[in-house]
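In what follows, structures are represented as structure tokens.
Both complexes shown next keep chain A, but they swap its partner, so chain B is in the first and chain C is in the second.
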Partner chain A sequence: MSRTAESLIAELDRIFVEQFEVTADAVVPGARLREDLDLDSLDAADMMIAIEKRFGIRLDDQVARTFRTVGDIHAYVRTLVAEKDAASTDDSGDQPAV
Partner chain B sequence: MKRAVVVGSGMGGLTAAILLAKEGWSVTVLEQHTRAGGFLHRFFRRGVGYDTGFHYVGGARPDQLFGRAMKHLGVYDDVKWHPLDPDGFDVLRFPGFDFRVPVGVDRYRDRLVEAFPEERDGIDRYIAHTRAAVHAYGWFNLDDTVPPESILPFEQESVLDVTRRFFKDPRLTMVVAGQAALYGVPPKDAPFGLHAVVTDHFMQSATSIEGGGDRLTFALVRRLRALGGEVKLKRRVVSIEVADGQACGVTTADGEHYPADLVVADIHPRASLDLLPPGSVRPAYAARVRDARPGLAHVGAYLRVDGDLSVLGNHNLYRFASWDPSSVERPATPEETPFYFLTCPGQRHPAGVPGADQVVLGLIYTDYARFADARAAGEGAYRDLKQAVLDRFLATMLADHPGWSVVDAEASTPITTERFNGAWQGAAYGHYHSVGQMGRYRLPMVSKVRGLVNVGQTVGFPGICGAMMSAYVVCGELTGGSARLMAEVRAS
Partner chain C sequence: MRRVVVTGMGMVTPLGNDPAQVFQEVLDGRSGVVRMHAFDAVGDLGTRIGAPVRAFEPERIPRKHRRSMSRMAQYAANAAADALKGAAFPMDTLASGRVAVCAGSTTGSPDAMEEFWREYIGSNSIRAIPSTSFLRVMSHTVASHLALAFGITGSVVSPSCACAASNQAVGLGADLIRLGRADVVLAGGADELSVLSAATFDVVRAGCRGHEDAPHTRPAPFDRTRDGVVCGEGAAIVVLEELEGARARGAPILAEILGYGESCDATHMSSPEADGMVSAIERALADAKLTPADIDYVCAHATGTTVGDAAEAEATHRIFGGDVPVSSLKGHLGHMLAACGCAELILCIEAMRRGIVPPTLNLSDADVAPLHLPRVPLERDIRRVVSNNFAFGGINASLVVGRPPAGAD
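Here is the complex of A and B:
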């Protein structure tokens, strides 16, 4: 079952709040990871792992290095999760796509 | 003068202590045990010494990485190095087949081809792939031009996957991948890069130390003292203090406080985490460290054996009960000993004390939970399990060596290791250095708490060289970049 875009974003934002102690108001697409949210390269590794674990996806290191804002992460994770959902629908073979 | 406190006197801690003292820091090493050295530690029975966690090291010739580092640290000449048989320093014994691992990658390649001639092409491609992997590790080659991320592709694939890709004969796969037993990660999980570096390191040269790991510890401690540093024993650190996000000291169980500008933790990052005030790190990091899986635990066998031990003269024996790669990880139980390691230090070093030439040290991998459960069930259950696992191992060993008889046998369990070393779940190599926990997933050396860094085999590679290198990497970062430190080691 695929998530709606909103629920996916909400889940991602919850990672910022619960696991990185960022206040909920601050987690907006335009927020800059380093300057606004005080997340450095050590946090970046933890972030990557937390996201991969939560969504069962694998982030590409090259792409992850280009993240500057919360919105960058939203967009990339949405693409990966959509790809994953599409793949699992393909796998289900005879079941009708929903 | 800036003050550093080092928690733990293992190889990583002592290396960091010397490097910082060389840079002019005032350094205090706090060790919970009555002896320094961590896994370099030996214990004594009737004057005969038994090593707990060190048998041999790779690359210790004066022109190789470990040897150069020993010179750079100022201890090379204070230790008696003993080369193991260059024509076969490790014997890998499978059912009906021995493979002797020689010094020299070319010789290793030739020996593989000799044993598996029809696989020549695969072997050559494997060797080329290994060389490429080794090259990716800048510090191991003292090459500061290699970007750190070059290692990532080599830590994404397991040794078993790589060897299966190159070899058709599953026996050849096992001859190559089985060496993973050396660093305690099963081939299905061991990152290929780790395998490449560790095996390359030993194929440069394999060396033991006369008098065992203690001798290296003593030399390092002497050197640290000469540089003005100190090692305090029986000082268990019970907390690391943090003010404004900066580590500022530690407190020991006896209530003494040691202020510091830098705390170097030579313990598992999980143990460091438990010493920090709650809330010092973000939940994401705490969860990641708490979820990390510890490495394999072991039972150590400390034996004196009557009989012809020259068969183990100047090499180690890795004995696999089957050709199945899982024999490296299947735990030793009262029913089976799927794998054992044996070494006979007294056969290659002057004995000194009567009985020392009869010492045989054994290592078998087992699971922590089995021993912890027995322990929880009571002292009797624990003792019985320990004895039953030891007995099965001895029976297996004696069936392989019918001329031997065991004079004395003592064993350590994962619980023993946990107690004497503080190793989380008694893990022999700290972290489970697996594909899922290395590469981009490896635990960081530099922590989110400013002024707190982690060294040791968990954040580095398994083994004393890995623990030592972790300290070089961290101290490089702390003292203005790795390049200068690398250049110093290169010139040593």
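Here is the complex of A and C:
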């Protein structure tokens, strides 16, 4: 079942709050990961794991290295989740009736 | 010779986290041993009881430091914060390069090891292993996290010899100061209670089995009915300082580390020998330039095993005879593993301050070499104490601690 864009963003933002103890008010698209949220390379690695587990997707390491803001993560994860949902829909249409 | 004093003490234990309050609970005969329902998940684990820490405050540690800390490192950080606070230590000097850390654990975090291997073996992939996993698994996880948490830039040493680790840490820490390699050392140890740590004793048939209905009655050091180790956990950290430096800054001086001795049985990995214990105690007394007659209390390692307690009683009797009061604190606290030595040192210092020898809990009928084993708190002028710890590998570590030197408060 596909998520709405709003629920996906809310789920993502919850990772910042629950796992990285960022205050909810600070998690806005323009917030810079390092300068504003004080997240570093160890946090970035664990953020990828948390996102992959939560959404069942696989992030590209090269793309993840370009993340600078919360909005960058929102946009990339939305794209991957949409691709996954689309693939899932296509696959289900191909299933033979049994 | 530079002299070494204790100026601060911190602990996280199954009986609480304030040294004076924990000592009072010991005198009151309280036990930190409880039924461990989490152990039921392993059907053939014989041990069903343990001594978990009563409470601690992980939120005292900033997230950036805490994120890679296991429970044992968090316990140690809490204990160290209390020790530094008690010492009224000038925190702006921690990065002077003259402050060191000497703190050990049995291994890295067993919980983190389990998480690591479960993830890796379950998936045959490392993709989902957190970046901080190894930082909790590594053997020097306690010492290195203390250095990070407090910005300590001098030597960082991590003795990982299990049950003797924190006695060794205090002894080696004192040596760093004596040798002039540091002026101040945060010394001690930490461990965390887990199925894996309990299983370690279970598989060598040294763990206490059963007693689910009356966990507080075990372990029973020196008692005829003793039947094995009860695993505990926690942390204990002391601030060691060079005497003149401590005096110059007006530090509270709680005790003096008078001597330290080590030995290895080199005969068996898990079955202790009295000869090796005697050597460690004799070396500690020689280091302190004292004789057995100068010692007013012996704090025994005595974990409640049949063989270990008997060997220790024999060794203790050989050196001290049967008149010096001897007790074990494992009946109250369980076996805090790498934290036990420093926790017992702290309680020995409390015993000297209060002038009371604590008794051994769960001891009613001793069947070891004849020792003076008080059954109730014993008022006594305690000038100096020997505190012993012995570990797998036949490693023996003995400390001699005394009251603050004359002229100190």
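The rule is short, and it goes like this: the second predicted complex is superposed on the first by the 93 of 98 C-alpha atoms of A that agree within 3 Å, B and C clash if a C-alpha of one lies under 4 Å from a C-alpha of the other, contacts with A are read in each partner's own complex, and residues count from 1 in each chain.
As a convention for this text, a contact is a pair of C-beta atoms (placed from the backbone, for glycine too) under 8 Å apart; a residue touches a chain by one contact, two chains touch by 3 or more.
In this text the structure is predicted, and so the values were computed from the model without any measurement.
Superposition of the two structures on chain A shows chain C clashing with chain B.
In the overlay built on the shared chain, the residue A:38 is in contact with chain C alone; chain B does not reach it.
Of the two partner chains, both chain B and chain C are touched by A:49. Judged by the touch definition given at the top, the superposed model places A:61 against chain B, while chain C stays out of reach. In the superposition on chain A, contact is made by A:21 with both chain B and chain C. Common to the chain B-facing and chain C-facing surfaces of chain A are residues 20-21, 42-43, 45-46, 49. Across the interface of their complex, chain B is touched by residues 15, 18-21, 42-43, 45-50, 61 of chain A. Residues of chain C touching chain A in their complex: 63-64, 67-68, 127-132.
On the side of chain A, the complex with chain C involves touching residues 20-21, 38, 40, 42-43, 45-46, 49, 52-53. Of all the residues in chain B, the ones that touch chain A in their complex are 149, 152, 282-285, 287-288, 440-441, 444, 446-448.
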